[in-house]
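Next, two complexes with subunit A in common: one pairs it with subunit B, the other with subunit C.
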Partner chain A sequence: MRTYVKFTAKAFSKQLAYRSEVWLRLIGNFVTVLIQVEIWRAVIGSERIEGVTLEQMITYSIINTLLLALLLHGISGKVDESLKSGSIASELIKPISYPLFLLFDGLGNTLYQLVFTVAPSLLIASLYFGMMPPASWTHLFAFLLALLLALLISFLLGYLISLLAFWFMNHFALSWMLGGFITIFSGAFLPIWFFPSSWITVANLLPFQYMGYVPAAIYLGNITTQELWQVIAVGLGWIAGLLILVQWLWTRAVKRLVLQGG
Partner chain B sequence: MTIQLFSKLVRLLLKERMEYRGDFILSIFAQIVAYAGDYIVIWLFIKKFNTIAGWTWPEIAFLYSLGLITYALGASFSFVQMRDLEIQVKQGTFDSILIKPVNPYLYLVSRGFNLGYIAHISVSGFVLIWAMIELNMTWTIGDYMYLILAIISGAMIQAGILTVIGALSFIWVRTSFMFTLFFRLKDFISYPLPIFGTFIQILLTVVIPLAFVNFYPASYLLSNETTLLPIWAKWCVPIVGPLCYWVGYKLWMFGANKYQGAGG
Partner chain C sequence: MDIISVQGLTRTYRQYKRFPGIMGSMRSLFTREYTEELAVRELTFSIQEGEAVGYLGPNGAGKSTMIKMMSGILVPTSGELHVLGRVPHLARKENAMQIGVVFGQRSQLWWDLPVNDSFDLHKYIYKIPDATFEKNLAFCLDMLAIKEFIHKPVRQLSLGQRMRVEIAMALLHEPRILFLDEPTIGLDVMAKDQIRQFLRTVNREKKVTIVLTTHDMKDIEEICPRMIVVNKGELVYDGSVTALRKKLGNERQVVIEFREEPGLIDVPGVTLLQEEGLRKTYLFAKSELSVFEIVSQIAANYYIEDVSIEQADIESVIRRLYQQLAANRQIG
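Let's look at the complex of A and B:
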């Protein structure tokens, strides 16, 4: 375990080299929140739509914009790189678990983003746009849990793509496709409560809502205390399912890798 | 870099892509799925709220497609070339471009001409035509000509801005986050400009003229409110693009002349 924590620390300090880009990232986050706030201001104004106020949508947009910075993005790119250069062979020889290395390495970046971009962005956004407090202590606790679920699901989906790339040899195409589904069904821009009912059914059958809608809706209290634990449990179920799937694919992918040689 | 040389290059690039036909088709399909996602989110949004600032779904689809098709046309001559420039400068491989007996800018952009944007162009072209049919416009030949000029000019605006960012890699070593910032700013023009405050409207009209890519031409063609500019400003649309591209080119050439070689 201590070894893996070191990977996190190393990835964190690697990112520190790019500290000078922090202000660009802050502007980027501000712009994204601003666009969404203005859109909601244009359609909601001072009314309530489906019981949702502008203030709530502002908080929803801030949470989702900042959550996006924390999710683990680069997994498939990283695997693809070592697959193409052949360095994956030396990764596999090391007496460590390759997927766990990827996870902890990714978390180093998440930690960096949290400290250097998300925290200051949160401060700026709450001062400029106004941010609502969490619905209750229970909701805050569940929100933090949901954040962890979001990180793990984003990692597992990225890792799944990188394993599928052992067969398709094109992780870009797979990531693009996954991205299309995430755009719609994560609810990161348009919350799922504004979807038509048939689309809500589909969104609920997919894991993507855990990467946007679920944490924000929990924070705002739009998911009631009774439903809360059920939602978290389903998220854990998705993680378990994805874990089994990637584990199975991994054993097959490694065999395939041998066939290709180095 | 003559037209003849360029068409020969495109044939070679096409051959190169077709070497891995399945892979190329998979990539195109994937990008179509990704952009369908963007369209669907906006469609779901308008299904719920009917309009954004008075713009209906086909009008927003027209606006968004105009932004996407000009991006694809402009970026095929600039984005990857400019994004990868920082690596070439860092590793010193940029030197090899300077010793070729052609203009280094023309060589770089045409050698890197990106056929991958065919997916963007097909999706946005399809939706653009669908929106025009849906809106049932009574357009004159002049309006169609104006649309074509607007597309060319819009592509030049996008390529011009990307070229300016590329030119920065001669000064700063890392530019990748500037590109990310550009894409964030580009999100502004997916929606009608008047929903944003005056400051943003001025910023996108004067400083980073992205509003001329799609908002102004679409407003004039669809007779929608523009708030900031008067009706005669319609004729700025075909001029802003070439101007923006010229500035990008000049800055890039200035940077390339200053280039000393960072790698070794």
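Let's look at the complex of A and C:
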């Protein structure tokens, strides 16, 4: 385990080399939240829609925007790059688990974003737009759990896409599709409670809501204490299911592995 | 016991058919026609612990494919392969713990970390005990003269420096086998010498089995008593370097310096290879007559200033072997 923690530390310190990016990220996060807040201000005004207040929507937008910076589905780009350049050979030659290496390497980046962009963005946003406190201590605890679920599910989905790339030798279309699904079904932009009922059913059958809607709704208390543990349990179920799928795909993907060059 | 055993090993690649032009690329969206390319064909050989084997063959002979299969990162299509008693791709991680791999054309170092951080990370990845690590590191740093650039980030190293670091890294965890895929490619003479000397020491004194692919015959001459030659995926020679030389090296190259232009020399079995004015290089085919007898025949008819006989070096032996293979293929 210490080995993998080293990978996290390495990825973290590698990011430090690109510190000028921090300012751009801070501005980007601020503008993204600002746009959403303005839209909800125009839509909701001083009333409530489906029992949701503007204040809640602001908090929802802040959580979702910042959560997106922490998610790990971007690792498929990294795998794709090492597949194309053939540098995956150097990674597989080491006595380490490839997915765990990817996970911990990705966590280094997440940790970096958390410290240098998400935490300051959160401070700025809550000062400028105002942010509601979590619904209760239980909800705060469940929210933190939901964040972990979001990280793991986003990682597994990204990894799944990269394994599929072993067959297609091109991950662009796949990750584009994944991005689309995440934007819509995570509820990152439009919360799932505003969806028409048939689409709510679809969203509930997919894992994407754990990457946006679920953590934010838990934080706000829109998911009751009774439902909470059920939601978390289903999330864990998704993780287990994805793990099995990914394991199975890996054993088949390795056989297809064609190492490029040299 | 065999440390590596290969039996009837085959690896094919699918090459999807592409059709030319825009219409053609539309067509390849719907058809999945492919041809099977054989990279390794029915190979059989075995390697004993402590050997140093040169694995060579022309470009595209399937050398890298073989190294990748032995290191467990490429799955064979058929046949049997055992490294240290295991099937490498089924026990990739266990296998990785006991082998070292160096790719001459691909770095395994962490690009943006200083050299000693790379070593340190390596220690964790391979779970090397402190004492072993310190001892092996000291040995490598000393023999490969790495100390002077140990604090530099890897991306700032010259190719020669980087290669020395790659090789040192591959040995820190005391592997029983060291695979090297073209370790001296693109290096200058000094760097090559240093690496060869180091590898020889590692093989002779530390008893690490070495398998290396190369295009530089000096690598083979100085490190490997045994060589395996492959061509188009097939084994064409497996044996000692000296035996191959005996088999193919019966021809002699003779350089004759004439006093005046001799014109065409008509002696059976003698072909002109090269001429620089009056200094001409001839190839004497294997024949009943000795080299001296042929030279004296020539000397009887022409004024000769000087004669030198050169033994065919390993490079020309191999060249002959490849030429023979190409010729056989055309006939067959």
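In the analysis below, the second predicted complex is superposed on the first by the 256 of 262 C-alpha atoms of A that agree within 3 Å, B and C clash if a C-alpha of one lies under 4 Å from a C-alpha of the other, contacts with A are read in each partner's own complex, and residues count from 1 in each chain.
Keep this in mind: a contact is a pair of C-beta atoms (placed from the backbone, for glycine too) under 8 Å apart; a residue touches a chain by one contact, two chains touch by 3 or more.
The structure displayed is predicted, hence computed values, not measured ones.
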Practice task
Determine, under the contact definition given at the top, whether A:Asn204 touches first (subunit B), second (subunit C), both, or neither.
Solution key: neither
Practice task
Using the superposition on chain A described above, determine whether A:Thr225 touches subunit B (first), subunit C (second), both, or neither.
Solution key: neither
Completion exercise
Larger residue footprint on subunit A, choosing between subunit B and subunit C, goes to B
Exercise for the section: Using the superposition on chain A described above, determine whether A:Glu38 touches subunit B (first), subunit C (second), both, or neither. Expected result: first
Handout entry: subunit B versus subunit C as contact partner of A:Thr251, first or second or both or neither
Key = neither
Handout entry: Contacts on subunit A seen with subunit B and repeated with subunit C across the two complexes
Key = none
Handout entry: Contact footprint of subunit A on subunit B as seen in their complex
Key = 23, 26-27, 29-31, 33-38, 40-41, 44-45, 47-49, 52-53, 174, 177-178, 180-181, 184-185, 187-188, 191, 195-197, 200
Exercise for the section: Could you please specify the touching residues of subunit A with respect to subunit B in the complex? Expected result: 18, 21, 24-25, 27-28, 31-32, 34-35, 38-39, 41-43, 49, 168-170, 172-177, 179-184, 189-190, 194-196, 199
Problem - Residues of subunit A defined as touching subunit C within the complex - result: 2-3, 6, 10, 14, 17, 86-87, 89-90, 92-97, 254-255, 257-259, 261-262
Practice task
Within their complex, state which residues of subunit C touch subunit A.
Solution key: 13, 64, 68, 71-75, 89, 92-94, 96-97, 101, 103-108, 110, 112-113, 121, 124-127, 181-182
